[in-house]
Amino acid sequence: MAGSPRRATGRRLQLPLLCLLLQGATAILFAVFVRYNRETDAALWHWGNHSNADNEFYFRYPSFQDVHVMVFVGFGFLMAFLQRYGFSSVGFTFLLAAFALQWSTLVQGFFHSMHGGHIHVGVESMINADFCAGAVLISFGAVLGKTGPAQLLLMTLLETVLFGINEFVLLSLLGVKDAGGSMTIHTFGAYFGLVLSRVLYRPQLEKSKHLQGSVYHSDLFAMIGTIFLWIFWPSFNSAPTTLGDGQHRTALNTYYSLTASTLGTFALSALVGEHGRLDMPILEAKFKVQDTCGVHNLHGMPGVLGALLGVLVAGLATHEAYGEGLDSVFPLVAVGQRTATSQAMHQLFGLFVTLTFASVGGGLGGLLLRLPFLGSPPDPQCYEDQVYWEVPGEPEDEAQGPLRAEEPDTRA
Amino acid sequence: MAGSPRRATGRRLQLPLLCLLLQGATAILFAVFVRYNRETDAALWHWGNHSNADNEFYFRYPSFQDVHVMVFVGFGFLMAFLQRYGFSSVGFTFLLAAFALQWSTLVQGFFHSMHGGHIHVGVESMINADFCAGAVLISFGAVLGKTGPAQLLLMTLLETVLFGINEFVLLSLLGVKDAGGSMTIHTFGAYFGLVLSRVLYRPQLEKSKHLQGSVYHSDLFAMIGTIFLWIFWPSFNSAPTTLGDGQHRTALNTYYSLTASTLGTFALSALVGEHGRLDMPILEAKFKVQDTCGVHNLHGMPGVLGALLGVLVAGLATHEAYGEGLDSVFPLVAVGQRTATSQAMHQLFGLFVTLTFASVGGGLGGLLLRLPFLGSPPDPQCYEDQVYWEVPGEPEDEAQGPLRAEEPDTRA
Amino acid sequence: MAGSPRRATGRRLQLPLLCLLLQGATAILFAVFVRYNRETDAALWHWGNHSNADNEFYFRYPSFQDVHVMVFVGFGFLMAFLQRYGFSSVGFTFLLAAFALQWSTLVQGFFHSMHGGHIHVGVESMINADFCAGAVLISFGAVLGKTGPAQLLLMTLLETVLFGINEFVLLSLLGVKDAGGSMTIHTFGAYFGLVLSRVLYRPQLEKSKHLQGSVYHSDLFAMIGTIFLWIFWPSFNSAPTTLGDGQHRTALNTYYSLTASTLGTFALSALVGEHGRLDMPILEAKFKVQDTCGVHNLHGMPGVLGALLGVLVAGLATHEAYGEGLDSVFPLVAVGQRTATSQAMHQLFGLFVTLTFASVGGGLGGLLLRLPFLGSPPDPQCYEDQVYWEVPGEPEDEAQGPLRAEEPDTRA
């Protein structure tokens, strides 16, 4: 299966060594820098008759669990379901997410929540780490099937750092409001993955891709993934908001916005579709991007649209519409430090920054992943579990299925 | 695929126009009538050290999320999974639910929660809207595969209004206790859909139905749907209850009742089944109802049984059994305004009202949906995604599957 | 299908009578012994401005719902998905879980929470009952396909009692800390089921098993099951903990531990796998155990590893590392009643006790289930739904599938 014995030994050692190296480094950094936050630390805080602010963990934990389901089920395995590639889709989802969760805790902690030289973790850092893992899984969806685990781990390492920088620039430096992670999660994750996939473009793959992937079924799975996204979106959007009425409002607005946009999408899709039929993948096959899981449609375009809507909303923000709530939505406008138009410009600039980080980062990532010793799977073995997994019973399995259908041939 | 070019253009414009019209009307009505409730409004309320009553959002939100999962996963796509109809099942579930959520917020708000001419929305209106969407998805399950999106949107429009009226009559006028939505959701949704399906009966469809739908698999999916219903039932039942001990009790009772009824169901099913085997669809094929998803078994019968159980429980309600809790379960009995027997009669009358609304409404809906310009799919295209969706790669897909199995035939 | 008419009548009556008998006995015991706990009882407690301790239901309920999803989706039907055995997998999951939830409420109540002769139920008893049901479903996974419903009900009856005794011995008598139910749930459930499966070993089954079960797909389903376990693990582990900082810490630690162990698992698996490939079922086929669902890999081994880790952690527990938190993690060490080494020895002894209870109990259970009148399915009907279920449309279904593929044969 592998070219030479030496190369096989190389592959044999590469992944375990890389995993152990990354995990070892992460463990050391955790030991040095990471501490429980006040509410989680047994030595600092005790349960009892506290004010509401002290129950933050209990008010936030259900949101965390919802985000966790959404990231892993919605972004992860449902999006990534190819016919003969199930082990890899599911297995690598685990691997990347596990690494992203740890690594982004460090990166985000470095940029956002250093207290006295320490990163304090609690339910909020778990939610934030999940968001970053979500972006990584979106990118994974774009390159699924033609990248090996070592390549994917390096992609995660790079993307997590850039995610942290981009988020820091947008939220802290530019004062941008990123509702629902349109920019930092969806736009960034999608275009990072798509540009990376473009750099890894393989002309020979087009044919095998059509043979291997069950196109009808992967679109169907993308739809099911979308349902999970739809169901957990209100929790997802409201999870990072400050506790209180702002969080209520975000959940409520997301809920009703989703319903309105669903009808709008149907109207638009039926209008532009051929013969008035509804069409899932509208814009593709024009650019040389192999977007295995339709990441562009599911995250890229919606992310950009969401960001542009944010520009519009910021431009129209007034004290009349928001009352004192303006303070929590666009605080810099509320205190008079910025006009609504200036905020809108900042929002637009934030989108530009995100697209730049994603494209340049994805491009660099692609070049990095083309390094020959990283063990990219050869063309005929793309979208195949057998390269990386011991697939049990495969011969018997085939004997029952397609092979059996051709038995008459053999006997004739 | 469509009869004439003109008809094709008609279909092309009908769905987008209908979507835009409905969404436009809903948006205007929202702008005029809908306001945030006190807890959600930034201008009225601020987070801080409030009493428990002020944390209602946080105590209720997890229940909402559970109901949301249950309605969309349990009622929606798992129930509605036919072999070549996946896009439509999932896509139309979205479309109908999205419209039902908005429209029922208006209808329920009109009947129940007008405050100074406004409908106040919050986590409770989200839960209530989800319940109505659940009823619509149950009905959708009965007509799935033989109705087009324009027909389904009109069905939703009608059903949502009738749902609101029926709920208002039962809960507000008759003072009926509708535990778990037995009457307002399950019974109403199931019989509305079944009567509507009866009016749309197509004699030619029987044959193609057996060919198209994988009967074994749709029963299996119904079972999986049932599992989700089972898992989230305690949340579902306790979600609309007043906060406090009543809600605890409802969740707990649902939990243990489900376990007891499961053993009872197995006993009954094994007893009446042929050869002592367990049988899912016991009562069918007698009436000319094409019940695509087994809605009668999953919602109709259980709903009626639940309602009749409610009659029994009401008839036996005493102060001894409930203590002060009688106040929250049957308040009119508690204050002495009604005897237990009278409450039982009201419960029975509530079931009768529900069945009447469902039947007459379903009948009218069926006649409405037979209007020729609504674009009902012709018989041979029922249970087929290709009428409404661009199905990608279908030829390749078939080439790998059944067609390949017959290749020896061609070559012989 | 069945041997003689008399035996058919026997089977016809056996399951319903057993269900009714068990349900009747349970109902009587509930009526005599079970009462609402303080917070759930309408007569004792009213909602209002209480301290946090009084909101325990609301703080715990989301955890309960997460555990409920995890047990039923993660342990239950996803693990138990064989090609022609879907009805039985899903149906029996319901049946066993339903009985286990009731019965374990009684057993656990008897051992743990008798107050004045009564068992007080509330959200905590629901969580604890779910844990026991989880252990039963793990065991079910080991014997799935070769046991009938009457056998499985008796297995549940026995296992639930032993689960309660084992839990009581470990937690109350030995003062063992069982983080994440490593010992009481995973180790106990897995080895009880595996030993029972060993006693029921049928030499003739090996061949048919390979034909019937889609090996690739059941591994894939096990992976999906693992994802659900992974997602809900932080809730699962922290659910039984006392409210407060200990619960936060458990959720947080589980979250980050899972990420680290994922990278470790990949490293180890790639290192020991043939050709450096990743391998799911590493240790099997050596002992004569028919482990239908890979229970040993998914629960047995991880449970034992978790227990051994607990030994290690206990041995290293110091006041310096835990601060006042030591009080909630290892209370007996905290108050100086035990040294850390003694606690570690107790943990190790707890694992030994668990393995003993599981093995002896599983062995006895296996002997019990071999009683001939219990209606064990004959070899050729194992992994077949048709023995227990009316499978609708099976002939049509087959005509479309494998049979059609062989049609050329018939015609030739």
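As written, the chain order gives the labels A, B and C, with residue 1 at the start of each chain.
Rule of thumb we're sticking to: a residue touches a chain if its C-beta (ideal position, glycine included) is under 8 Å from a C-beta of that chain, and two chains touch if they have at least 3 such contacts.
Bear in mind the structure is a predicted one, so any value in this text is a computation, not a measurement.
In summary, the pair chain A and chain C forms a contact in which the copies contribute largely different residue numbers, shared numbers making up under half of all those used.
Matching the C-alpha atoms of chain A with those of chain B calls for a turn of 120 degrees, to the nearest 5.
Inter-chain centre distance (chain A to chain C, centres taken as mean C-alpha positions): 32 Å.
Residues of chain B in contact with at least two other chains: 58, 62, 405, 408, 412. Residues 51-53, 58-59, 62, 66, 210-211, 214-216, 219-220, 223-224, 227, 230-232, 234-235, 242-249, 251-252, 255-256, 258-260, 262-264, 266-268, 270-271, 273-281, 322-328, 402, 405-406, 408-409, 412 of chain C are the ones touching chain A in the complex. Those residues of chain A lying in contact with chain C across their complex are 1-2, 8-9, 11-13, 15-17, 19-20, 22-23, 26-27, 30, 36, 39-43, 45-50, 55, 57-58, 61-62, 65, 68-69, 72-73, 76-77, 86-87, 90-91, 93-95, 97-99, 101-102, 105, 121-123, 126, 149, 386-394, 396-397, 400, 404-405, 407-408, 411-412.
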